[in-house]
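Shared chain: chain A. Partners: chain B in the first complex, chain C in the second.
Showing the complex of A and B:
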């Protein structure tokens, strides 16, 4: 069978072929690839993307947005999913992609090979970034495993971590008031947040495994979970509002791509329930909370061989770091340092955030 | 769940009561703190000036994570308020709601909505068309509604009993137009209804011929 006997390939638009997106990809890899510890990723690449997209023809736009649209439709219908789920093996996620985009499957394998064997999912309700971060933040204050240290030492470490976190969170209410939030709208959220933290170190809390199980339970009580999410939204907003010079150049309307002022952006896309977080909100929140986080981008996109080192895998996963530079001077203020150094790691798929873990199950 | 809701609502009611400078008030309708009545005065320099507007407030189960439900009790002539039901089209009452908003701040937003109608995102399409066709005529009608329903200025000047109101002015039409079709033998209230629906006002008048109107009247 000669090559000419083969049926012709159907014409297909590949978003990876579009030069401007490709360019974005290069910048992204060069500045924040796994080998570069360059600190906070430049917010530019995500934020300017809508502007680039608006110049594309409709057909390419469809090709670009369709996977994302499918993804969000999937998550929106999914109201039965717990707000925060128990830890599941990554292989479960893998099976969901087996009949779909094979790049996702390869990227999942890449993560599993490197020890990221567990995923803790959140409900796809627009609060997923804040909820994932909240859970991972609190969880990072607790001992990660019972192997390395004796029980007493672990207890002492988590009491110190949690106590610092409580005093830091309580101190942030002044920041919220300083940007004009009335105490009555946020004090209940803060009380519940602090209450969850206090519960972790109370004498009746029990040992590590039980504390974790209780934390998952509490995160599934809508009032508690949503109060914590809301407090993080307000903290994000307060950070942006109190440093407009740092953030205003990067505030764009997520749908129209138009530049926005600080107040409209914060009211419409930070403080409002269910509005998804983008690069700006993530940068602001990690700074306001004084935590370092890493986000693994499981985006189903093949890295172009020319843009990465020849030895690197084509379906590897970028870990974007959000590093809070104030952490050094304020090291004693509830910094979310994990007990065994792993830190807060989130897993991003187009339109959604979950939590990435090294353990298979709770 | 409702404990937190009750705590929050009580704080909000107290906050509103303590703010003497505010033009907004909140009162209980029955004995439930979750069904309230808000009120405010019509903003100055608008057709609603001098009116007293009341709003029905229902606090949903998962407040403040769900938006408060509000609708006008007082009838209002405004593109973003249903002239029949009082339903309000305002983003913060829907997908732009945030738990940082309070009953007081939401009522203040309603007050500002009266200052700045958004006819392109209407709740009442007929009123919005009126607004777009002739702003002067719209404002006259809105002012008339404020006088009739919200106790706005001018009521003393009304001839006859206060219950007697001018249906033509209520519909934002011109008396001469209504008289003309009534003279053809049609019922006056039917004429008012048809001309209102056809938006027979301002620049639209020459565009709608008499046959079209008669056709509608005969339906």
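Showing the complex of A and C:
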């Protein structure tokens, strides 16, 4: 009873080979300034029909008409933040923590010092990992900047990369069908996904900057954006379902921690909209998409001092790599490794994913 | 290009027309892409032998990413089945219609799930909080956040 009176907790990342964040719970949550996890504070509950039921005790209220506050529906109303934002300087994020947890501030400084000066935020709606990855994946197919290459050469590179991606994505529909998804449930999502890619290389797409701006625009059309997210969810599920031996030992219920079977896990925590991705989903999706990604863990934890770093006031940020061709354990390998290359880099803060970039603005 | 919801529902409808519906399920009315009605009965031995129910599906423009609003029809012709997860106003407490909805589910697969929910019922009774719930329930069951007590029933 009392448990159900509590507002929902933001999802936590739990995984054996990631830094444990459980222990720092209270400190951590109270000291963080802005509510960066979800964009807005979780409501307790809001009574929609106050006159009818305001006289009832809370326990009865809970059994009665409740507001729509389950994850997906709750976040659908979180329209304050775009689905995918324009690139912002990291210093903007820094100011949000200045009055909060100083370890975050130091970790942000650490990132800025190493050239990670931009952040592209996603809405905190439970789809943030998938949406961040989708955007960063598509963006990685385009030339990084205008730098030295002539325009024509950049266009050619884009066309080759995007065409390859389209043909690969189209080939994944066979994997989805092989695990029993009906074509009718996923082909519209795939069509929209491919449509966005085709738009990037159409003759009318324009030069690099305009293409990126258009990509951000498209990612803010809910139907397009959510369809891409959904396709990635189904692809993740198909990967797990088709390799149960690789994944089943790692399938745990995110709340109870109980071991789950492949089907229940995929139905409940992969295919269902708005369910956060954890380490297993990230591993499976990067493998199914054949992409390498790095996730920077901005977790507010102080690392033990390192002799190699003379600037002792800086807190390090771990980059965890997910490498697609090394199987499920690959995530362990790159822990703590210095990152210099470009590619798909996500920024994790407890309960939320954004995109990390080396550019300040679009 | 038509909205995803329309394209998807067109395909579901074509699938029903081409391949028919599973035993015990019939399409009653699907004149548009907003509201469909289907009938549901449990064939074979069950507590609902001989009873026919009707389901009403309402689709939002966000379907199939957002779940359909599904309820049993309660009117002069149909009643809601007597079941621990079905309120007398036709609202259904089933996680697949709420937090566990996924676009891999379709109108027909929802019907099949509800059919098996009825088929496996051991005790025909209303949810314990039926009267309280029904007295204050919103018109649209999607506005209720059900607490899913028991997925096994």
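Criterion: the second predicted complex is superposed on the first by the 258 of 362 C-alpha atoms of A that agree within 3 Å, B and C clash if a C-alpha of one lies under 4 Å from a C-alpha of the other, contacts with A are read in each partner's own complex, and residues count from 1 in each chain.
Operating definition for what follows: a residue touches a chain if its C-beta (ideal position, glycine included) is under 8 Å from a C-beta of that chain, and two chains touch if they have at least 3 such contacts.
The structure presented is a predicted model; accordingly, all values stated were derived computationally and were not measured.
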| item | value |
| --- | --- |
| First (chain B), second (chain C), both or neither touched by A:345 | neither |
| First, second, both or neither for A:295, with chain B first and chain C second | neither |
| Touched partner set for A:267, first chain B, second chain C, both or neither | both |
| First, second, both or neither for A:184, with chain B first and chain C second | both |
| Residue contacts with chain A in the superposition, chain B compared against chain C | C |
| Common interface positions of chain A, toward chain B and toward chain C | 181-182, 184-186, 188-189, 192, 222-223, 226-227, 230, 233-234, 267-268, 271-273 |
| Chain B - residues contacting chain A, complex | 1, 4, 7-8, 11-12, 15, 62, 64-65, 95-102 |
| Touching residues on chain A, where the partner in the complex is chain C | 4, 48-49, 52-53, 60, 62-73, 76, 181-182, 184-186, 188-189, 192, 222-223, 226-227, 230, 233-234, 267-268, 271-273 |
| Touching residues on chain C, where the partner in the complex is chain A | 3-4, 7-8, 11-12, 15, 62, 64-66, 98-106, 129, 132-133, 136-138, 142-145, 147 |
| Footprint of chain B on chain A - complex, ascending | 181-182, 184-186, 188-189, 192, 222-223, 226-227, 230, 233-234, 267-268, 271-274 |
